[in-house]
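Next up: the structures, one after another.
Two complexes are shown next, each including chain A; its partner changes from chain B in the first to chain C in the second.
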Partner chain A sequence: MKYAFSFLAVIALILIAWLGSRIPGMEYLFGVAIPYLAIMVFLGGFVYRVIHWAKSPVPFSIPTTCGQGKSLDFIKQDKLDCPTKTSEVVARMALEILAFRSLFRNTKSELHEGPKITYESSKWLWLFALIFHYSFLVIVLRHMRLFVNPVPAWIQALEFGDGLLQIGAPTMYMTDVGLILGVVLLFGRRLITRHVRYISLANDYFPLVLIFSIAVTGILMRFFLRTDIDIVNIKNLLVGLATLQPVIGAEIGAIFYIHIFLVSVLLVYFPFSKLMHLGGVFMSPTRNMKNDSRAKRHINPWNDPTIKPHSYAGYEDEFREFMVEAGIPVDKELAPKKDEA
Partner chain B sequence: MAVAKLEQLSKSVVQGPSLATGAIPTQDWMDVPVVFKPGNFAYQAKVEKVEYLNSQKDLNFPNAREWSPENDDWKLPEDWKEIILHGLKERLDKFRSLKIFMDCCVRCGACADKCHFFLGTGDPKNMPVMRAELLRSIYRNDFTLAGKLMGKMAGAREMTVGVLKEWFMYSYQCTECRRCSVFCPYGIDTAEVTMMLRELLHLVGVGINWILEPASNSNRTGNHMGLQPHTFKDNVDFLAEDVENLTGVKINHSFNRKGAEVLFITPSADVFAEPGLYTAMGYLALFEEIGLDYTWSTYASEGGNFGLFTNNELMKKLNGKMYAEAKRLGVKYIIGGECGHMWRVVHQYMDTMNGPADFLEVPKSSITGTVFNNAASTKMVHISEFTADLIRHNKIKLDPSRNSHVKATFHDSCNPARAMGLLDEPRYILDHVLDNWVEMPENTIREQTFCCGSGTGLNTDEIMELRMRAGLPRANAVKHVIDKYGVNTLSCVCAIDRATLTSLMNYWNPGCDVCGVSELVGNALVMKGENRQELTEGLRTLV
Partner chain C sequence: MYNKSTIIPGLILFVLFVTFPVWFNGLDAGAVPKPEMPPGGQKQCVLPAAEMRASHMQLLNEWRDNVLRDGNRVTVEVDGKEYRKGLQMACMECHTSQEKFCDTCHVYASVKPYCWDCHITPEAAAKKETH
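Take a look at the complex of A and B:
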């Protein structure tokens, strides 16, 4: 089973980090070397992939037009879905990237007796995705506090907002709940929705399980195993990592090593997986191009100017007699018929 | 191949055990081989058609041979696998879209039930995501680190003859309609994937006759139907006579005339068969009424371009005739008739491939003075844009009561809707030529429109059941407005639609006619000096 494999793989990763960090002297590997390596692979891999994409040209202007194009002045253009200006494209892309607009359009089709097909709005995927991604984003931003000293005001404000419900001590973050909920909903959807289950690969389950485990270890550290870890030492280590002077102080706690190891795995996995949709969504030619290909010529760098149509001259040569007989104008008159001897 | 009876098929699509109806396949998709049997594949291209195309300069159509998809041995070249993988590499380097669409899919499934082929067949491999996975699995295996390291666990598989056959099956069960790309959060466009699959298959000599025969006809005679110049002229002359008989107005049209202001190009199907003929009569009547200085061409007598369904080189070569002929005749600009895929090529490819058309002028209607700035570079205007502008400026007199026999709805063709954004021009025209008309449900029109089910060269009879299944979502939406409003006419701006929707209506909704918007314009047109008979069925009236 593809999802079972994902669980096993993550359990194995947890064991590696747990047992590994117990071995004296290995803290440096798990606390410093692997995180550094992971960051490098992530950044290098991400940049490599984007450059790899960018190396291939966009030969044709192929926006998917989702509304009325710009034509006559009395026909109202849908500027968002059929953009002709850069500002309109930016607006279209912003809504796509920030609000997942295409998913918002989602419908569910059903076949009924008759036959009759019905379509109804279905916004669950959009909602789950939104909860998941925004929670993840805020959590990543909140974590920046661990890398800098003093903590900037915007991070404190973000934390304050995230803990606004003031439940529990330490205060529960809404995004922690959001991330766990988002992952569980997206995972559950893969199992329950039949067509999504059929198309799901191990590489669809694995990142969800991995992110789930990262969230759980993080929550454990903050709320349940707080006494097992030394938060001051963690902060020292992370600020040290950020300033390239990493120091590992006294015992930090196994749960921390598990957490940071899983994050490292996620970073390494990222550029080689579908998670690169983060970069790809900006570069999709069906969304980021203007629909102005009749007004302005789009250039294809590999266009082959030597490809010519079957020539008119060749066409006329083949059909001249018929054309003359039918009274269709020709460029070359028929050769005078020779008298048959 | 006999087509299932209506009752049978109606039951089958709803109750048949398929992924669309609720059954979950027990086998992993990679383990399910394709089986070709009569009715589920379009016939392979004839040897002489492949040979002809291959003999043309600039074109590469190798491996012409007798073969059949039903046979185990497809007689592929010995190094077929290298050819395919090399071809894929080359295309990854040429198309950013392909790279991004291979890398970014998260298999969220939003596209799954958006495809008319999936809704009609329930075949999991007709989910757009799955269709792309057929190629993506090979891409992973040979072009990504994860695939090389993890193999099947990462969704990779080796390229085999079985995979090639699967590509053939499912790249010809996609009409490149782009509906899935509207719903995809990354805009992944299955049309791009299908185009690549078809290009790759042609590299090893795997193609269908219903595409390659019209394409070779178009290259040689100028049009898909293979009409030679005198026949093409005869057909148009015949339609002009019909218009004269019905309206009493003599039609003055010309062919290959140098110095005309406008070159008019429409799909040859419009001058070849019903109901497109009536649309062509509409063009003739309209141009006569406004006194447009225009010419037809027998050399560029095809608006459509089956090269779009084949490969880039053929598309460019066939399309090249439009500009070549415009230049030779010395016209100022081009007007294009009603056609779907033709307009995808004209709008998104032509200028890039065969421009710049600096020998033409920015289109300016000599009747209204309107400058078509949206076509400033291609210099080609859509007939609906041109007609809407005439109506806006009150340059033609329309009597909607002449269409009183018509209760219409409007089908947005895939390409004008999703690859051009031509949605409201035809609607504006309908508003003026009909007393009233109705829209189909909102999830089935405009950018969400459903394909006729037989586009991209799939309107061939041997796959009729597949076509009726794939067309079901469209037919079903039409049925909705038939039942609710008594609609009797399905109007559209596409020549392929006019042919395919007719079959589709005859099957699912008998009694519903199909027509072009320009036919309705011709019906309603009040012509100067007319001596019109009582035309109870407009241009279709038999007198």
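Take a look at the complex of A and C:
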């Protein structure tokens, strides 16, 4: 049901854009107003979320230590999994962000006949995620050719590399296949693996269905539904959006408006959903902190500055009389009373 | 707010990255390409202009497969006029210049068709002969 809801929601969005853009005069709503609104909500929401996170204090030093910590000289430290220096943290974060290292680990327990239990690293999620994210990144960068004029060489090189197979005309892109494959695999994983299916919610399925639809509408527009898809006219509009002087020169096919509307929905949805892991991956204290709590004191920002440290000696000074009276041993005896002498 | 010294530069980088087209263009949209009409004044093509704009690459691919792979050189007849299947033999009979016709839109949209890996334009051919 949860995934059926996601499909229904996306179908509704497609219908809105399809029928809406066919109403004369509504092209500017779907082609200009909504994309502008979406990018502003995206940027504003993203910054808001990150600053909101940055305001939350980290009360304790909580890096996840996955290897030997720094100890005596003859014990080898696992520098990536238990970093103590900033450079080691940077290396750890870079591998996490660029290579999804924690997904590579992903130990999974399985019960086999016998009965025998095994703990093995399950690489599927890592593989699917890697295909998906890198395809998506290249696709986003490649789309910049439609927003900038003149097109810089690095975008042209990226495009050339992506279409290296030279299949068909216009050339097929490898990342298009990668994105669709990645989405289908990640979606299939949620359906087929029972315990992942159990914890999957509508807000896990919805972005996958939405991104799938964006990819499909893009592919349809490029290869199949080419009526009124004049790339010069479309680029004219998109460069116009980027230079704040948008014009819709001639009629553009409905598939374009569906595509751009779905992208706008994704942009608006992004900052308020799990997709914020784009920003969140940089902000997770369990990864970006050094494991140096024995060398350097971690000050809890929540600490009340009016509460001073209270040593045992100070405690004894405060309560010595009562302690002696109650027969509790003290380090320093009470000063002898003068009038006794 | 904690860790300002890393989070604020990070956010600035992110915003710059997202707004790349805005500052790269510098609010200058540049000229929209105007492909040159056939210098010979021909008005008719194998398909209406809108269809040619949208799907000339598919037509050319089809022709290439017909001619080079299947050896099918049967001419195409449109409104009583015969066209041979070919870039140089049909298209460039009227649209004589690669730079002034093909490239105008292709450069604008950053499309690099590999036609010119094998084909040579009438202009380039003329240049070669004189040398």
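Here is the rule we use: the second predicted complex is superposed on the first by the 297 of 341 C-alpha atoms of A that agree within 3 Å, B and C clash if a C-alpha of one lies under 4 Å from a C-alpha of the other, contacts with A are read in each partner's own complex, and residues count from 1 in each chain.
Here is the rule we go by: a contact is a pair of C-beta atoms (placed from the backbone, for glycine too) under 8 Å apart; a residue touches a chain by one contact, two chains touch by 3 or more.
Since the model is a prediction, treat every value here as computed from it, not as a measurement.
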Tell me the contact category for A:Ala242 with respect to chain B and chain C: first, second, both or neither.
second
Should A:Phe160 be classified as contacting the first partner (chain B), the second (chain C), both, or neither?
second
First (chain B), second (chain C), both or neither touched by A:Ile231:
second
Could you look at A:Gly168 and tell me whether it touches chain B, chain C, both or neither (first, second, both, neither)?
second
Counting residues of chain A touched by each of chain B and chain C, the higher count belongs to B
Just checking: does A:Val58 make contact with chain B only, chain C only, both, or neither of them? Give me first, second, both or neither.
both
Quick check on the superposed pair: does A:Leu29 touch chain B, chain C, both, or neither? Answer first, second, both or neither.
neither
Applying the touch criterion given at the start, work out whether A:Met144 contacts chain B, chain C, both or neither, answering first, second, both or neither.
second
Which partner chains sit in contact with A:Met93 here, chain B, chain C, both or neither? Use first/second/both/neither.
neither
May I ask you to decide whether A:Tyr312 touches chain B, chain C, both, or neither, giving the answer as first, second, both or neither?
first
Shared chain A surface residues [contacts with chain B and with chain C]
54-58, 283
Applying the document's contact rule, which stretches of chain B touch chain A when the two form their complex?
10, 13-14, 19-22, 24-25, 29, 56-58, 92-101, 103-110, 112-114, 119, 124, 127, 129-130, 133, 144-146, 153-155, 178, 181-189, 192, 219-222, 228-230, 233-234, 255-258, 298-299, 313, 316-321, 324-325, 328, 346-349, 351-353, 355-356, 370, 372-378, 380, 385, 388-389, 392, 417-425, 428, 441, 443-444, 446-447, 472-473, 476
List the residues on chain A that touch chain C in their complex, please.
39, 42-43, 46-47, 50-51, 54-58, 144-152, 155-156, 159-160, 166, 168-170, 226-232, 235-236, 239-240, 242-245, 249, 279, 282-283, 301
Give the list of chain C residues in touch with chain A in this complex.
1-4, 7, 10-11, 14-15, 18-22, 24-25, 27-30, 32-33, 50, 53-55, 57-58, 60-61, 105, 107-114
Chain B contact footprint on chain A (complex, rising order):
5, 49, 52-62, 64-72, 74-76, 78, 81-82, 96, 100, 102-103, 105-109, 111-117, 119, 125, 129, 193-204, 272-274, 276-277, 280-281, 283-287, 291-300, 302-304, 306-312, 315-316, 318-319, 322-323, 325-329
